[in-house]
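In the part that follows, the structures are each spelled out as structure tokens.
Two complexes follow with chain A in common, the first pairing it with chain B and the second with chain C.
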Partner chain A sequence: MLAWLLLIPAAAVVVTVMILPLGFALFASLFQYSLGQEDRMVFVFLDNYVRFFTDPVALHALFNTLLFTVLSLSLCLAVGVGVAVLLRDMHRPTANVLRAIYAMPILISPIIVSLIWRYMYDPTYGLVYWLLHLFGLGGFPGLTSSATALICIVIADVWHTAPFIILVASAGLTVIPEELYEAARIDNANPLQVLFKITLPLLTKVLVVLILIRGTDAFRTFDLIYGLTGGGPANATTSLSIYAYQQAFENNQMGYAMAASIVTLACLVVLFGPFLRNSAQDQGE
Partner chain B sequence: MRNVTLAMLGVAVLVGWSGSVAAQTLTVSRWAGPQADAQKVLLDQYAAEHGIEIRFDAIDYGQLKQKQTLNMSTKTGEYDLIYVPEAWFGEYSEAGYLEPLTKYVENPELTGENWDMLDFSRAGMDVYSDADGALKALPYFAQTPLLVYNKTMLEEAGFEPPQTWDELLAVAKYFKEQGTGIALPFRQGSAITNVLAVLLAGNETDFFAADGKLDLTNPAVVETVNFMQDLAQYGFNGSNGWHWDEVNKVLQFGQAPLGITASGLFTALEDEDQSNVAGQLGYAPIPHNKRVAGLLQMWGWAIPADSKNKEEAFKLAAWLTSKEALTAMSEADPSFISFRQSLGSDPALAATAPWLQAANEALASGVTLPLRPAAPELLTSLATGLSSVVTDPNADVGGMLSGVQDAEAGKF
Partner chain C sequence: MRKPTVGSVAKWVALVLFCVWTIVPIALVVLNSFKKAKDIFTTTPTLFFTPTLDNYVNAFTKANFGLFYLNSIVVALVSTVIVIVVGTFAAYALTNFRLPFANAIAGGFLLGKLVPVISILLPLFVMINAIGLRGTLAGPIIAHAALNLPFVIWLMMGFIRDVPRELAQAAMIDGCTRMQIFWKVIFPIILPGVAAAFVLSMQYSWNELLFSLQLTTLDTYTLPVGIASFVGAISVDWGLSSAAATATMVPLIIVGFFVQKHIAQGTTGGAVKG
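Presenting the complex of A and B:
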């Protein structure tokens, strides 16, 4: 009984700050209304959801979000884990200095990252174009083409978030017993065999957590896209978060924006719920 | 006697202290845009002269509407005076967020004696009045997109400043072939629809037909968007991803021979500390097909209905819109163009603002963006559609406009 009573404050906080707002969002998504006109809400039941799944712009935003998440997450993990593994095998003081340098981008807020990369992608001054010109690729359309804008944003996102993967993966690598690597060396295992037979299998739990954190972050990305392209050109980089923001604060359709947000949440649960469940089961075991 | 003196001194200190605690605080919300610094100086001056405290909440344009709306819709009473563009006015007014100003503007105790309401341009007063004619904001600052050109570069290339679409295409094509081109604010967003609105007016057409229905498929609109698509092909490299500020940057660094940008940003172009081409630039209305046109983009001061200091807030708004304060703003930041007609022809101001004549010409035949309730959705759809045709020279303009027409017509 006492245990239950002691749980009440924490449960009350969870209900107040998590369940109630979520419930309100779900409730509001069944209405049509503008911000500040909550007294004139019109009940439309599931119309907002029907509209979402029949609106080509919304579906395009969903596709962009999935593509961005897959690309960003894959690249982040590849770069982050790769660098962490390389640093593990380096001379320790050098590795520490490099790790600190690599970690710097995570200290920068996403909107500042977007400003930095807007200049990086500037065809006149940008470092990216300077490098591309060296290789005769100055005609790369970058942020101005619907074919390449999303990949440009993915690169900026990887630059910003891969350091987080490096730091966490580096921490994960420290708990892998050194004896395993010694045994691999004695057995003349090549670096790829060591990576795929020892390092990655023993990093699985860390990777699951990283996929959960970074995957959900990537799916909800807003600032970086907003600052770099505002969702353009031609909606090529409009994500679900940008779309919901536009509906809420540019088009003043709060109910529909809530529905778009609930769809975002549902996608997150479907995509990342299994990872959360597996991770919890592992803890239980 | 000594005790009485000490007691009186104590009371005086307490009264003084309580007086200072009770000093009125006004909170002003505005865009942290080009004139924010000059505005802050004026507000500090007013606060010092009137013994009040002014909190100046200047934030990024992208967040401003969200913050103002959240505060007014939840009736926090946080803001006493807000800076409102014409595009948001209808929405704010309809939601009941704004205090009608009629009774305040008729009260000389609040306006001050020399505050002349008839000096404001009619266009500004009309835009900031609701459907019943009640004034709900004082028009303050006007800007319009203009063509900016580098006189030296054009002269060397043998061109006169372009006035028509054909002339503009010829100049832009020449410079594109030389490796630069025209700087255009053609990022998916508000700037590209602003340019469209000016070009439509310059082609003697509109988003809407005479009966008020959406009319994006009429031949003149299609012709206008086709012109934008053609012009984009001669755009400065990267232009299709630019907003006004990036266009300004390449103009002030002397990289672009010409560009279309907003008059509110022109101060930097003529500031020798910031611009490589100060004194070399010319300004003109955006070239037209049939007549000169401009865009009435305006900002005004409104009092939120939930303000707890309405009269003090109005006094401040009246002071900000007085001739003296407006002159001070224009002197501090020459790109500031006010709605007071008497200042439009002030030679002292014109001397520091070489664009003033072009701006006045464009504003005199200025149109506004659509202000009806569903306008934001229309402009969002158009921005997306325009972005798709300017980034792809082979995109079907008619098809894009038909798509937007089909999607949005039912809302008007």
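Presenting the complex of A and C:
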């Protein structure tokens, strides 16, 4: 009895802020209406969803989101795990100091990260252009061209998130028994063999958790894009979250925006649900 | 001392370059916050300049940053206290009571981690608008608490499971009630977990933009919304916004140095032990 009482507050929070709103979103996504005109809602059934999957901008947003997730996730995993591996067999105090420095971006708000990188990418005063000029590489279009804007955002995202991977991967590496590395040394294994035969296989569980956390965050990205490009130029960096936001608050199409946000949620469940199941089972043991 | 090999030199170069890559963007903004406009707008970065506090004075007087600071502190503190109380009780219920379907319920809470903010924001915005709470701090407080709930429950479940069963059993024999066991036996032991959850929940709320962006109005803006209002502009006042950004992020960077060890365990809900 007491147990259920203790659960009630948590359930109340979930019902008020998750289940009720999501239920309402599902319901409202079947209507065409704009904000403040709830009395003039027109029932259109699945039209909003049909519209989403036939609208080139919406599909482009879906594509951008997938591309951003794949690029950002693979880059920050490669960089993060790479640095963690380099730090592993170092003098402990030195490694700790380096790790503390590397961890600095972790707790910085994404909107500030976007401010920092807006300045880095500023065509006139930005450090990126100054550096490129030093190496004689002028004419990089950066955030202003639809060909390069997305990769620029990915770079800023990796700057922000790779440190988190370093910390978690480092923690994961400490539990790999030292004897395995001793044995590899005796057998004269080269560093690549050690990486692919020992380190990565024993890190699998940690990697799954990281893919789940970082992948879902990348798929939902809003703040960083909002601050860097607002989705432009020419929708080249519009993610699903940005798209739904614009439909709701700029184009004033609430019903359609809700449908777009439900599609975003559905994609997340399909893509990352299996990972969630795995990691939940692992912890339940 | 071993002789430096090509490999170890390359490794050091990589590690030092990564230091530069991490520090320079942060240092640039911090330096800009102390620069006059003429020192910021140079095509070659200037390292030597006469520092000024004008940007900070402007941020806190003209741009209302003091108010945003206060709003952020209130939202972060209240939502964190709510989520820790609610989440820890739920975690206690799910671990120590042999509840039917305890695993399924815990898994249900975890599903919340998949929900994108935008999917909640749109309907929540309509609901909060309808009951007239838009523009108050209630919106971001309840939203942040809900978004933090899954990780707090899972983190605390991990910590409570690690408390030796014998301690609770001994207290039960001594005639303690369930709640006495929680406060006298379990709570003191899981205090480090509570502290980790506290810091991580605070930082999420302190940094969160999207909910606050639409649920607050000018006098209830939080720090990220205030900063977004600068970067959203066509021409950015770099001095002012750098001061605002520095004042917002530096406290967290300092906190980060102290809690770094708990970040791995905390954000993975205990899946990775630090």
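Just so we're on the same page, the second predicted complex is superposed on the first by the 262 of 285 C-alpha atoms of A that agree within 3 Å, B and C clash if a C-alpha of one lies under 4 Å from a C-alpha of the other, contacts with A are read in each partner's own complex, and residues count from 1 in each chain.
By definition in this document, a contact is a pair of C-beta atoms (placed from the backbone, for glycine too) under 8 Å apart; a residue touches a chain by one contact, two chains touch by 3 or more.
This is a predicted model, so every value here is computed, not measured.
Asker: Putting chain B and chain C onto chain A via the overlay, clash or fit?
Answerer: Superposition result for chain B and chain C: clash.
Asker: Just to be sure I read the superposition right, which of the two partners does A:Leu35 touch: chain B = first, chain C = second, or both, or neither?
Answerer: both
Asker: One more residue to check, A:Thr144. First (chain B), second (chain C), both or neither?
Answerer: first
Asker: Classify the contacts of A:Phe43 with the two partner chains as first (chain B alone), second (chain C alone), both, or neither.
Answerer: neither
Asker: Looking at A:Gly230 after the superposition, I want to know if it touches chain B, chain C, both of them or none. Which is it: first, second, both, neither?
Answerer: both
Asker: Would you sort A:Thr124 into first (chain B), second (chain C), both or neither based on which partner it touches?
Answerer: Both: A:Thr124 reaches chain B and chain C.
Asker: Answer with first, second, both or neither: which of chain B and chain C does A:Glu250 touch in the superposed model?
Answerer: First partner only.
Asker: Between chain B and chain C, which makes contact with more of the residues in chain A?
Answerer: C
Asker: Which partner does A:Phe53 reach: the first (chain B), the second (chain C), both, or neither?
Answerer: Neither chain B nor chain C is touched by A:Phe53.
Asker: If the two structures are placed on top of each other, which part of chain B overlaps chain C: 94-102, 238-246 or 382-390?
Answerer: 238-246
Asker: After overlaying the two complexes on chain A, where does the chain B footprint on chain A coincide with the chain C footprint?
Answerer: 35, 38, 124, 226, 230, 249
Asker: Please name which positions on chain C make contact with chain A in the complex.
Answerer: 7, 11, 14-15, 18-19, 21-26, 28-29, 32, 40-45, 82-83, 85-87, 89-90, 92-94, 97, 99, 103, 105-107, 109-127, 129-130, 142-143, 145-146, 149, 153-154, 158, 178-179, 203, 206-210, 214, 223-224, 227-228, 230-232, 236, 238, 241-242, 245, 248-249, 252-253, 255-257, 260, 263-265, 267-274
Asker: Considering the complex alone, what residue numbers of chain A touch chain B?
Answerer: Touching chain B: residues 34-38, 57, 121-124, 142-146, 149, 226, 229-235, 246, 249-253 of chain A.
Asker: In the complex of these two chains, what residues of chain A are touching chain C?
Answerer: Listed in rising order, the residues are 2-4, 6-7, 9-10, 13-14, 16-18, 20-22, 24-25, 28, 35, 38, 83, 86-87, 98-112, 114-120, 124-125, 127, 130, 159, 163-164, 167-168, 170-172, 175, 191, 205-206, 209, 213, 216, 219-220, 222-223, 226-227, 230, 240-241, 244-245, 248-249, 254, 257-258, 261-262, 264-265, 268-269, 272-273, 276, 279-280, 282-284.
Asker: What residues of chain B sit close enough to touch chain A in their complex?
Answerer: 62, 65-66, 69-70, 72-74, 91, 95, 97, 187-189, 237-241, 246, 250, 255, 376-377, 380, 383-385, 387-388, 390-392
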